[in-house]
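Each of the next two complexes has chain A plus one other chain: chain B in the first, chain C in the second.
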Partner chain A sequence: MSTTVDRADGANSPDSSAPAPAPRATGKGVPLAYAGSGLMTASALMSWCYDPDVLGDLTLYGNPAPVQLTMLVLGLLGLVLAMSAKGPLRRLGAGLDTSRGAFRLGLGAVAYMALTLAAITAQAGGLVNADPGAWVALVGSLVLVVAGRLGVSRPSRNIGAMRAKGWVEILVLVALVAIALLLVADGLTLRDPWAFVLLLLGVGAAAAGLAGANAFTWLGVTASYHSRVLTLAAFVAAFAFPLTQNGSDANMSIATQVIIFSATALGLNIVVGLAGLLDLGYIAFLGAGAYVGAILSGSAFATIDWQPPFLVTVIIGALFSALLGLIIGSPTLRVSGDYLAIVTLAFGEIFRLAMFNLDGNNGPKITNGPNGIPAIPELNFFGFDFGVTHHLFGIPITRFSNYYLLLLCVIALIIVIFSNLNNSRIGRGWVAIREDEKAADAMGVNVFGLKLLAFAGGAFLAGLAGTIKAHHDVSVTPDQYQFLESAFLLAAVVLGGMGTVGGVLLGAVVLKLLPEKLRFFSEYRLLIFGLLLVLMMRFRPEGLVASKRRKLEFHEDDEHLADKVQTIHLEEKTS
Partner chain B sequence: MSTAVAHDTGAPDAPSGRDVLLEARGVVMRFGGLTAVDDVDLTVREGEIVGLIGPNGAGKTTFFNCLTGLYKPTEGEVRLSGTVLPPKPGRVVRAGMSRTFQNIRLFANMTALENVMVGRYCRTKAGAFDSILRTPRFRREEAQTRERAQELLDYVGLGRSTELLARNMPYGDQRRLEIARALATDPKVLLLDEPTAGMNPQETADAERLIFKIRDSGLAVVVIEHDMRFIFNLCDRVLCLVRGKTLIEGTPGEVQSDPRVIEAYIGTGDGTEPDDPDDIDAKIEAQVEAREAREGGRG
Partner chain C sequence: MTAMLEVTDLVVAYGKIQAVKGITFSVEEGQVVCLIGTNGAGKTTTLRTISGLLRPESGSITFEGERIDKVPAHKIVTLGLAHSPEGRRIFPRMTVEENLRLGAFSRTENTQKEDLEAAYELFPILAERRSQPAGTFSGGEQQMLAMGRAMMSRPRLLLLDEPSMGLSPLMMKKIMSTVRTLRSQGTTILLVEQNAQAALSLADHGYVLEVGKIVLHGTGKELLTSDEVRKAYLGEA
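This part shows the complex of A and B:
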């Protein structure tokens, strides 16, 4: 039943709160859906605008620009939904909520067209510049919305249980990863902010449609079947990325920052996502590692004249961070969670202020105060100089690429630590503590020890990343480690999906990449993130990518969801 | 204490010759002005089932909490096999005493198997390094944990529910799962807090059989229960608490026939003193009617 599925999806989107329409013949909306998505598809081959300078030339018939290609994809997606409702893809349709998918896809497409028309209006000077193609696309989208509203699809099978042949599934997954990479690569090259926002909106519309049709449920289950293949594919792609940049640093410098942020967020994910501890000062542990890295780097401004091999520095930095974690954690982790949030918040500030004041005037000269420690030499790892360009098969690997690849290895390490801990006695202990701390205690789970392990372990990993970051940044100053950075890290974890690797990576990439690409909204950055967080907490508290258990923890009294997760879980186990 | 507590009077069928496992002496628990447990003694020997009865609010659960270290008793000490237990739940479990809860406290979003595996936590050792590096030791221990958990689920009759989420299980199964989880800690003494509350007669009979089976496997069991028939079928000895104090301790027969027990049970129903005989009769009648109504409704 569609109402059941609505609840189970956990997304209380506006349409699901509207009273469900009385069951009608399934066929009612289908012709409209064909018509709507047909119009959308056709419109991509028409001219959208008189002015060739808008959004990369939309004037040509039969030669779609990227903005129109996105609409083409949305139209084809609509056709697939229509065909699964009634037509050649009936078997697929058995598990899909086609009308809800069509409805949301349509809404997304309407928003997409509205923004396109706004862009045309703004850039070409008036709505008169819009050509018939744009209007056809808009009408097609509206028709699709109506079709979705009229149709009532009743999925007869649990989509999570629908399996294809193994290689077909892998092919689908690899194709999706490839599409995602192409989109990212495409998005990175876009210089026009309108076009970039449109691309985002287009992706969002497609995702909304697929999510509405429950296709992501299938994707989630299938991905968990083939998680190894998928992880491998993702890493191969990530490692190959610098090779595609042809020695250019434009994207690599952003990519390196994204990856530092991701590594740190993944470390925080162990603290927040696994052990359920709210750490509001995590950036300070990264800072502690960075200062250790800087002070022991042999920089002319370093206050200690000792330069151990980098591997030793890394270990010292990580251990120093972990020690700070132990000092902060041991008194506070015994009491209730709220105190930890307050203490870590304060610790983050104290750390920054301490670094600010250890300048020789107010205290011992260790950090040079606000000036920080500049001129940190490049990393040198067993004779491999990270500062110069190396060549692999004739392809140049630049300075940024060197750091990128090293940090990718750090991320791999953190992921291994994360998932191995998660699937172990210790991981079960953490879940038990999150579920019912008192019962866990009464069953002999070492509550305090496990919390301390997560807290200090998270600090260790941050410290480790920090020592590398110091070299990457060339200088270390106190203002790099403000509370706001901790807040962003936490936002990445929460937005992406606490306790998942994929989700947190997604969250980190989105939160770091968007501001880089959307410099024009940097003034409103905080406002928009705040709004985004509030909306997420309201509609999808488990994050973009939800782990099964987290989903249940956030929807305590949703019995339908529990049953659904249960069946999917059983099917995963029995096959 | 003024009440005639049947301490070492050696009730006929109590296995008094066996070793003392659990010994609580002079346990007192005060919450501000309220003395919830007032100088209670308890001795449990190997292979014994001891019943703990008393009206609601008598302090039975609080006494369990004192025994298992969830509360730090204001006074008194608890010994297990002769050694004094510190009031730390983890230490108590490792020493060999485990419990279930009156209001079921399972890990709701974990599967039945995972719940029991958490119970094995205190008997396993794999640390962070073993887990991260997946050492042979870790693999061996993990396999053993899984196997033992499955055995325990079979033992309590939940062998087919292994992969069900605890929250999706029927009520009676949840109670049995809690017992399996407690057994996973390899206890010598098992404390059950109202293990049949909310069960229908069929489930109650099953629970009774399970508790006998546990006793026969060599464990000592202390059980809080309101169902008198259950208590008198099951227990070797019964301890009756009223307003935190031990009213009487003895064989089920002795306790059942003691007029003070009935008196106390009925008298605290609404907090008035049971001094007027007519009043007591009326109350007994009301109680019996209420029980019949309840049981009729459940059957």
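This part shows the complex of A and C:
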């Protein structure tokens, strides 16, 4: 038993060596932090603009519009930071780096106000239309930046080791999920692109502030403590989403596309994130499943006159994809390095061109060539028709909602498979292969077999999703499955955080949702996207949500981080 | 009676360059046998060929009466032969415990708990740091981990490649005494070392390799006192 005690001591030593209730140095910036965030909060209740047609109605006193509500939230966040530096929330402040938090929150708020003023200038015809409220908000944000620079307070404890009562932590997590659901539901309904970008920027500012204050470290640890609760809450929220749409299909069609994309990205995450195999042609496996789904759908344009029950089609589609994966993988996975990337890249193109040419003129008539297979009938599960609107508690569930819910179940399945693999003997084998293939081989890891398993398994899941996608899309054509789609999938995995479920979901949602909402600069989409990737690789190569191990891979010489990882590991063990 | 491991006329080449030019030796059960020699003598190549990481040009390797020179590396481990490679090659971003569990990857029986305990008993420091990423370890600790990891597959024959490389004299002593402990617990050991003194003083039998050929062999004591070995490897005139 003594070893356990030793370990616990060892884990806490970086913090416990310093006396726990040590008085924290509070900086000169505290009054400024109060003033700045106070101004920001107050500004939300003032008029920002003379023109009532800009960004909703910003002209009223004491009746904030959504754009001002965002500023209200930012201001309140600033107040929380100030109060935890010096004031009623001092205990919370022990773990928070409020200096950095205030600085980044302030910067974010400045950017937010700059864009708001730009919108007012552009839409109302000149900066003169800005009312005092807007200037108050801008000044408040700037004051907060200065406060952060002067120093508010530094943490005296490792926030990762701070624990609240169990139910409080769960409540926080559930509240965050609910907020996320509301934000997405709200953000999707915004028709004004300015307002949408502003909302994004506001969320970004809040996130920057919280991240700067180390709050996300606590959140990460807490989330891994209550991962089941969090997953459950996220799923409940996702299932509840169609209910918030009141029978409108406009957002549900976007949401369904997002979720197809997410499911595929999660499948790719097994190949790339767990096994470390760079697959640049993953979309072809989705396409293979979709074509199988289309050909066996009973469409009038299907080239095979056989319509098995859908469950059989799903299995055939998935197995067909897996078979393709085996055929591509078995010669290439034996060699390590970049060969796989090149071969999969070529495979993706070969697939698209093959589908293009199997039209009866250049080859056997299987896919109708560029015309594809249209008029795929709606899914029908045991008499449940996916094409019509159903009612649940009087709330209409539309066609897109039906597919959305089905695909959500597929995502759940993929997540279950993913996390079981990640924590299994096979998952450890994959990590070992990623780290040192030769050493893994010497330890008795069947390197080739495990790589092939990951590759074919990933293809299987993509094929499975593809069969459903075919019915959702109504028609399947070759140009839906081009290289750009593979690149986007890979970007979702990398951007979100390789090897994590939450990160990849986040990345997929961001990458699919933003282009849909930001159609007004769709010509610049790829430009912005490329820029974003470059910036990410420079500043946060491990992705938005980093798995513990990936973090180590990118910041190897960071001993402090190594300690932190150890702390988290120990806490998971002892919990 | 045949030996546990028999290597006969083994030739290994990297492309056109032969690194091992026809060597024959054997390891009896319960012994510590060492291969010594200078850099490039072919010691590591020999070990890597035995454990299946390299394929021989010609010759044969027999382990407990079974030809293993065409068996893939991951299957050789299941036969009861473990390899602690040169330079340790631990998995730096995995924790100590994950590293150890990986050593037992080939074992399907559910004995990991006992095996972990055994490894921790062998190297108590590993137990203290079981949740620490292995990359943060010092060289000596990494070597202990590499040995502990190799032992997790419950090998009857352990191939140890340069365990003393880059270690302090004190740490080297500790590693060598562990080799003794392992032998007394019934593990046969094939040891490759540049540190001839340390290796020969605990070996039952030794082979001296020079540019891919065995030039001398005998019991550890014989070699320690042999003039040629003293001149070439122990730095004595």
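Operating definition for what follows: the second predicted complex is superposed on the first by the 546 of 575 C-alpha atoms of A that agree within 3 Å, B and C clash if a C-alpha of one lies under 4 Å from a C-alpha of the other, contacts with A are read in each partner's own complex, and residues count from 1 in each chain.
Convention: a contact is a pair of C-beta atoms (placed from the backbone, for glycine too) under 8 Å apart; a residue touches a chain by one contact, two chains touch by 3 or more.
Treat the numbers as computed from the prediction; the structure is a model and nothing was measured.
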Practice item. Mind checking the superposed model to see whether chain B and chain C fit together on chain A or clash? Key: clash
Review point. Of the partners chain B and chain C, which touch A:443 in the superposed model: first, second, both, neither?
Key: both
Review point. Which partner does A:435 contact after superposing on A: first (chain B), second (chain C), both, neither?
Key: both
Check your understanding: Now for A:453: first (chain B), second (chain C), both, or neither, which partner does it touch?
Key -> first
Exercise for review: Using the superposition on chain A described above, determine whether A:416 touches chain B (first), chain C (second), both, or neither.
Suggested key: first
Practice item. Go through the superposed model and pick first if A:425 touches only chain B, second if only chain C, both, or neither. Key: both
Study note, to complete from the structure: Going through chain A, the residues touched by chain B and also by chain C turn out to be 425, 428-429, 431-432, 435-436, 438-447, 549, 552-553, 562, 565-566, 569-570, 573
Review point. Which of the residues in chain A come into contact with chain C in the complex?
Key: 3, 6-7, 10-11, 425, 428-429, 431-432, 435-436, 438-447, 549, 552-553, 556, 559, 562, 565-566, 569-570, 573
Check your understanding: Which residues of chain A touch chain B in the complex?
Key -> 416-417, 420-421, 424-429, 431-432, 435-436, 438-447, 453, 457, 549, 552-553, 562-563, 565-566, 569-570, 573
Check your understanding: Which residues, counting only chain B, touch chain A once they are in their complex?
Key -> 68, 70, 89-90, 93-94, 98-99, 101, 105-111, 114, 117-124, 126-128, 131-134, 138, 141-142, 145, 163-165, 167-168, 181-182, 185
**Study point:** Of chain C, residues touching chain A in the complex
**Key:** 51-53, 72-74, 77-78, 83, 85, 89-95, 98, 101-103, 105-106, 127-133, 135-136, 149, 153
